[in-house]
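Residue numbering begins at 1 within each chain, and the chains themselves are lettered A, B and C in the order written.
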Amino acid sequence: MIELEQITKQYPGQAMPAVDKLYLSIPKGEICVLVGPSGCGKSTILRMINRMIEPTSGVVKINGQDVTSTNPDQLRMGIGYVIQQIGLLPHRTIAENIAIVPRLYKWPKEKIKQRVDELIVMMGLDLEKTRGKYPSQLSGGQMQRVGVARAMAVDPPIMLMDEPFGAVDPIARTHLQDELLRLQKEIKKTIVFVTHDINEAIKMGDRIAIFNAGQLVQFGTPEEILTNPINEFVEDFIGRDRVVKKLNLYLAEDAMQPIKCLLREDELQNVAQKMKDAGAEVAFLVNETGKASGQISAGDVAEFGMDIEGLRKRARRRSNAFVQTTTPFPDALSLLLEYDADYLGVLKGEELCGVLSFQGIRKHVYRKEGE
Amino acid sequence: MRWENFRFALFEKAPEALLEHSMIVVITITIAILISVPLGVFLSRPKYKKFGLVTLNILNLLQAVPGIAVIALALPILGLGMKPAIVALLFQSLLPIVRNTIAGLLGVSSDVKEAASGMGMSQRRILWEVELPLAIPIILSGIRTATVYVVSIGTLASLIGAGGLGNLIMGGLSLFRPEYLLVGAGLGALMAIFLDRMINYLEYRITPPGMRVE
Amino acid sequence: MTLTDFVNFLVKNSKTIMEYSENHFTLVLLAVGISLLIWVPVGLLLTKSDKWAARVLALANTIFCIPSLSMFAILVTIPMFGLGRKSALLALVLYAMMPLIRSVYDGVKNVDRNVIEAARGMGMSTKRILVEILVPLGMPIIFAGFRITVVMTTGIAAIATYIGERNLGRFIQEGLVRSNTPMMVTGALIISIIAIGLDTILGMIEKRIVPKGLRVSR
């Protein structure tokens, strides 16, 4: 756990302190995102944790221990540090770059080599091709992977990341974000992550701290912040589309309802009766192999009546109107609009396990909004 | 040290020496600019880049030759007097100007050149209106290096009868008159420092305000 | 003067040439050695303060402007130095100030700030950063300054013959006085060849000294 107690940073010759009497407690094993407009003090705060900047007053504690009780170099060796410009040593190979901190710890050669190889593979880079290359031979995205690998080399419990993906192109950025999230599920580090991009903050953060002009404005989970922005600044900062942004926080399984009516393709003539019996608004069809193959809604039944061929065509048109349990709401909404449907089947792998409706999504978001 | 000697050196000897020295410097640098800048422009054109490298290598070699050796080699080939000295000094003052002209012109961002040609400027116009104005501070810096160099080696030119401040220094050394030494050496140093500062100021003034590094 | 004159002179005076060369090189070696010992640390120190760097570089630049003959002449009038090696050494060390300080300063300042920031963030000590990052990455520029210093010192050292050094410049001096053209030209040629040779060799080393990571690209 990282605690900042009454931290103030006043630069000489500036009227306003860069950081003003800040209290912040960052829980262990979570990604805490510091976000805010440029000049809000977020980078300064990050850099005070590993003493790259010393606060004017106040105490930074890691696991209850004042950071100033450790020699700065020793302290930094035990904390991963990633910056936007990466700062790989251009005259060292990738393997040598990753090995820097293990070398500072005087690990035996064999152990270093093993760890370096492990990290290169872990970051999704080609081991044989990458190891001996120099930074200038890599793309921006690859370099930042090496930057992250280098910070994780001695498996530090804490990682500080200062706009780590800010300089890579959007596609590489999404990849890097996804991979860090995937990795974090296994490694459970305490990560302090600075960004100016609210979308990145919402995506990456277990908790978000929003700063403005050296002050902490709001601190909470992405859901809390999107649901109850504390003031106009936060509202403006997250944007008018905050509810749409919130959709990203939910997955299909969150608002999924049980399936009431399921029938085989050859039972189509009985669909009206079956739905009525089950009290269902939608029925799903399965083919002879047991795979979900389409859907019929109450509206379709009313439209086509006994025109079984018409119903069959309608059902087939929606043969791809299915999502996975882990599909986020925006993707599900996109499918609903694409198929002009009210319902989507929810799959867990191949198996049909629920139904997601427009109304269900609305209710879920509204319930969260009203909390 | 005697005031009498000092006064004699400063008021009787120095004016002529200073004038000769100034002439050597002005003439040499003027000719050097007239040769070097066009040569640099020529060598920076993409077509002639190959010559550029060869020329620069040759000039680099010439530059490594110590000044005193240049003066000594000029005597048997060119004879005694101011003219041979100027020719000798000329050889070595070319390099800094040519090199900086090339560097300055090649240093103009290709984006700017492309934008200019996209607006319909001819190559000649781009050279005059875009490349040269942007490169002039760097060219001037080359001229400054060359000038300081000519002032410095110019003191040795008195060895082959070119006159100048070297006369005072050499006379002072051979007769061991510290007054002559100080006047000659001091004026030489002041002249070099003055010209260095002056051209440096010119560099600053001529740099377009948007490009000045404060 | 023909090639035979030149060769004849070399053969006849081989002993003197050896003596003068020895004097010449001990002076150059001593001057460059002292210069490195003083100016490299000064250059490194100046990277800590922009204000002092500007001041000291301006001073070095001014000293560098002073014609070498003037510098020698001024130094000999100072009783502490006078004619001879002390003055010669001091002048050469003063001239070396500008190329050495400048190149060390530029070389270190040229290193990408982010690389230093990242290294510091990983817990590298200041000393380690200096040895493992600043010096190797700044080396190409620093070495270029060293090369200029060596070649320049070799040339200026010849002028010290006028303040009593018995080195390769003496052939030129005596050749001029006695109107002995072969002697003068030979002296000039020997110095030129040595200077060009040193410049070329150091130039080749300079090319090789660039760390491999800075030479390769995708």
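Couple of notes before you dig in:
The definition used in the following text is that a residue touches a chain if its C-beta (ideal position, glycine included) is under 8 Å from a C-beta of that chain, and two chains touch if they have at least 3 such contacts.
Quick caveat: nothing in here was measured; it's all calculated off a predicted structure.
Taken chain by chain, the contacts run in an open path, each chain touching the next and the two ends left apart.
Most remote chain with respect to subunit C, judged by CA-atom centres, is A. More C-beta pairs touch across one of B-C and A-C than the other; that pair is B-C.
If you average the Cα atoms of subunit A and of subunit B, the two centres end up 63 Å apart. Centre to centre, using the average C-alpha position, subunit B and subunit C are separated by 21 Å. In terms of their C-alpha centroids, the spacing between subunit A and subunit C amounts to 58 Å.
In subunit B, no residue reaches two or more other chains under the touch definition.
Across the complex, subunit C meets subunit B through its residues 1, 61-62, 64-71, 73-74, 76-77, 151, 154-156, 158-159, 162-163, 169, 172, 175-176, 181, 184-185, 187-189, 191-192, 195-196, 198-199. The part of subunit A that touches subunit C in the complex is made up of residues 50, 52, 72-78, 81, 83, 85-93, 100-101, 104, 134-139, 147, 150-151, 160. On subunit C, the positions that touch subunit A within their shared complex are 112, 114-125, 128, 132-133, 136-137, 211-214, 216-218. For subunit B in complex with subunit C, the touching residues are 1, 60-61, 64-70, 72-73, 75-76, 148, 151-156, 159-160, 165-166, 169-170, 172-173, 178, 181-182, 184-186, 188-189, 192-193, 196.
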